[in-house]
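To start, the structure under review is shown below, and the notes come after it.
Letters A, B and C mark the chains in the order given here, with residues in each chain numbered from 1 onward.
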Amino acid sequence: MRDPGFALDEAAPDNRARAVEVRLTQVGLGVGLGLTRRLGDGVGGLLAGRVLRILSDRHPRAFTALREMPEARLLIDPVDAPAALLLQVGPRLALRVCDRHGVAEGAVDAAVRGPCARLLDLLEGRIDGDALFFRRELAIEGDTALILALRNTLDGEDMDLFADMATAAGPLRHALPVARRHAGRMLDLLDSARRAAPPPLRWGMAALERRLAGQPKRRPQGS
Amino acid sequence: MTPLLTPGLTLGPVLFNWPADRWRDFYFRMADEAPLDTVILGEIVCHKRAPFFADAMEAVVARLAAAGKEVWFASPILAGNDRERAAMRDVVANGLLPVEANDMGALALLAGQPHAVGPFINTYNEATLSWLAGRGAMSVSLPAELPAASVAVLAKAGAALGLAVEVQVFGRAPLAISARCYHARAHGLHKDGCQFVCGNDPDGMPVKTLDGQSFLTVNGTQTLSHGYLCLAGEMDRLAAMGVSRFRLSPQAVDMVAVATAFRAVLAGQRDGRDAAAEVGRLVDAPLENGFFHNVAGTAYAAEA
Amino acid sequence: MEPFELICPAGNPAALRAAVDAGADAVYLGFRDETNARNFPGLNFSREDLAGAVAYAHARRVQVFVAINTYPQAGNLGPWERAVDDAARLKADAVILADVGLLAYAARRHPDLRLHLSVQASAANVEAIRLYRDAFGVRRVVLPRVLTVPEIARLNAEIDIETEVFVFGGMCPMAEGRCSLSSYATGLSPNRQGVCSPASHVRYEPRGTALASTLGGFTINLFEEGEQAGYPTLCKGRFLSGDRPAYLFEEPTSLNAMELLPELKAAKVRALKIEGRQRGKAYIAAVVAAYRRALDAFAKGQALPTLNLDAVVEGGAQTTGAYKRAWR
């Protein structure tokens, strides 16, 4: 469902870039989960920790506020991505990728679920959380105050996840702006490649994506 | 109007739409049998109801006065439209009885004359109390939602300012007022053509949650608690704080028995918890005192 | 004739920038504590934030109003008095107050500070408004949402201070500042703690295919699959009176009085206010921009643009509320 109040023009390059960002996030979460599965929490945690540090450096007001909150754990669950995020607020602020099915009952204080694109919009304040909730695109569970505090804190920033990542040091610095700039063309290429490819190659692409996402073979990701 | 610094029992105005005969007989009985110090009259919820008992007003005032009760008039809670404003001005200009102001408009009109401030004017702190005292308030009735800590500060400040501080100790707690009539709305009617459906519910219209749990009470434009606020068990503590007036809000229950129970506690002749237990048997809903104990108003905690 | 002043909400510095950039004439905001009626987790301004906000707004000739519109706690007036002092020190253009004790303090301590009367004071008649003007020098009153437009017109004919009315956003069906429904269910109230139906006491739980919202353990609503949801406030809940579940007080709906601009102008209303300090900056940008366009068109005598704000409003529904008599 699109929201006429805020809908970005489907044809706009910005929107194509968004689609790439959503896909990158989904794949990133899959990679994170794969690393975590194979190498343990430490390595997966490093990746998410890195993202958290970059954002924290860029948005000190919000991240100071998150560290000042009472310790609590929030599951951020993009339902169309292979993995979820577990955010711990409070003095020991931490972020890690997790398997949404592997979160033990009672291990989190609250959960927020929605499409990956919507959660990204919310993180960056491109959309109003209340409106999403009214329209039932966002589901929340558990400690409502915790979710509200996080939402309000992040909304206070002019956050642009990919721009923030891109300005930080490291390999992403080069990859992300390029990905964004060529978003439209990349999507076109990917789409036409998919359409044009003979079945075996299509399967191969799916397998590649699965590997990237760290998914077991019997649970292919819809793409 | 005398400043009532000796502890006294006040009967607040009847909030519900009772038939004129019932209304008159209720006050006659209060005059004759209830150990009350002050009785406050007036239709404060909906000005449309006032004409029904206007004819009985004079007899009621005379009977109460003859029984030694001090009688006041209360101004409407909400005075937005012209007719409500006219009702407010009529109350203030009655020329006969002292007035309890329930809106800042009435308070404005009472400038220069001794008056009481009702529970619908927001008195939350000592700065406000002091400002009200400076304008001639002799008595201030506190909002029902104030916790013990605030009541204590205000009672102390009131004593220093020479005004009486009052707390509601019995009756459904008033929670909200609106320009919209929920009684009419619940019956699919408009406020202007309400058919006085509020008259069907002498103790208000019960409101339950979707789970069937009793929760609120609707009285026309007013919303009240379902449970009955009861601070019988807290009377000693209130008196020790310096609260000198204790308000009973009329309900369709045996109000003589209620007044008698509270009078006995006030006179030190009866244990408050014992009186609360009796009050609990007189009403058909739970007792509540959560506001005073600084928790949800729905709660009831036995005074330790 | 002077154009309407557009008064816009901000829950944080980013929202303030969004409101200013979208065309606000003034932005109202609160400090991060119980001194204002939107004391929600993660929301509002530190003193430092306010300094930055004032600098940003003033550089663009936009005013900043600070809402200090809860009722100070007995025995603890300090936080409220300091809020007034700091708003004055940091060059806020007005403070929006409700409590007479605090108004008296502000008038005495800061005679040059412009005082607005908050909607939380629920001053609904000429007599009350004149009292606030005479006693404290209040310059503007934000009218409670209980008056019809003709009533506002008659009121303005009799008073000589400015009036501000809500035109968009969440709407209390109850007289503001005179409601204890929230504290009845949770122990926390708009008047004392600056919260209505606080998130700390709200839970959402699936019940079959429906979504239930509860407040302080009381079930407030059940939304069927695909049904628009609303805020978990008591006055927008579904209850049983008789045997049928119904929105007894008010449906989940938002005020939108844009169609009433000509009437509000004729009623001599000075300022139009948008509700929503608790909303995201995306909402603020969209609604403020929409109203800016409408007011500019209106000022030029042009037809009002058609604006679709359904996507951002509670319940996906809009009402003109108490401004029309039929609402009652």
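By definition in this document, a contact is a pair of C-beta atoms (placed from the backbone, for glycine too) under 8 Å apart; a residue touches a chain by one contact, two chains touch by 3 or more.
In this text, all values refer to a predicted model and were calculated from it rather than measured experimentally.
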{"item": "Neighbouring chains shared between chain A and chain C, ordered by label", "value": "none"}
{"item": "Remotest chain, chain C as reference, centres from CA atoms", "value": "A"}
{"item": "Distance from the mean Cα position of chain C to that of chain A, given in whole angstrom", "value": "34"}
{"item": "Distance from the mean Cα position of chain B to that of chain A, given in whole angstrom", "value": "56"}
{"item": "Inter-centroid spacing, chain C versus chain B (mean Cα positions, whole Å)", "value": "29"}
{"item": "Chain A - residues contacting chain C, complex", "value": "3-6, 61, 65, 122, 125-131, 133-136, 139-153, 155-158"}
{"item": "Touching residues (chain side chain C, partner chain B) in the complex", "value": "71-75, 77, 98-102, 104-105, 121, 123-128, 130-132, 135, 144, 146-148, 151, 154, 173-175, 177-181, 183-187, 189, 191-192, 216, 218-222, 235, 238-242, 245-246, 248-250, 322, 325-328"}
{"item": "For the chain C and chain A complex, residues of the former touching the latter", "value": "11-15, 17, 40-43, 198-200, 202-205, 211, 223, 226-231, 252, 278-283, 286, 308-316"}
{"item": "Chain C partner contacts - residues on chain B that touch it in the complex", "value": "77-82, 84-85, 88, 103-109, 120, 122, 124-132, 143-146, 149-151, 153-154, 157, 173-182, 185-186, 190-192, 205-213, 215-216, 218, 223, 225, 290-291, 294-299"}
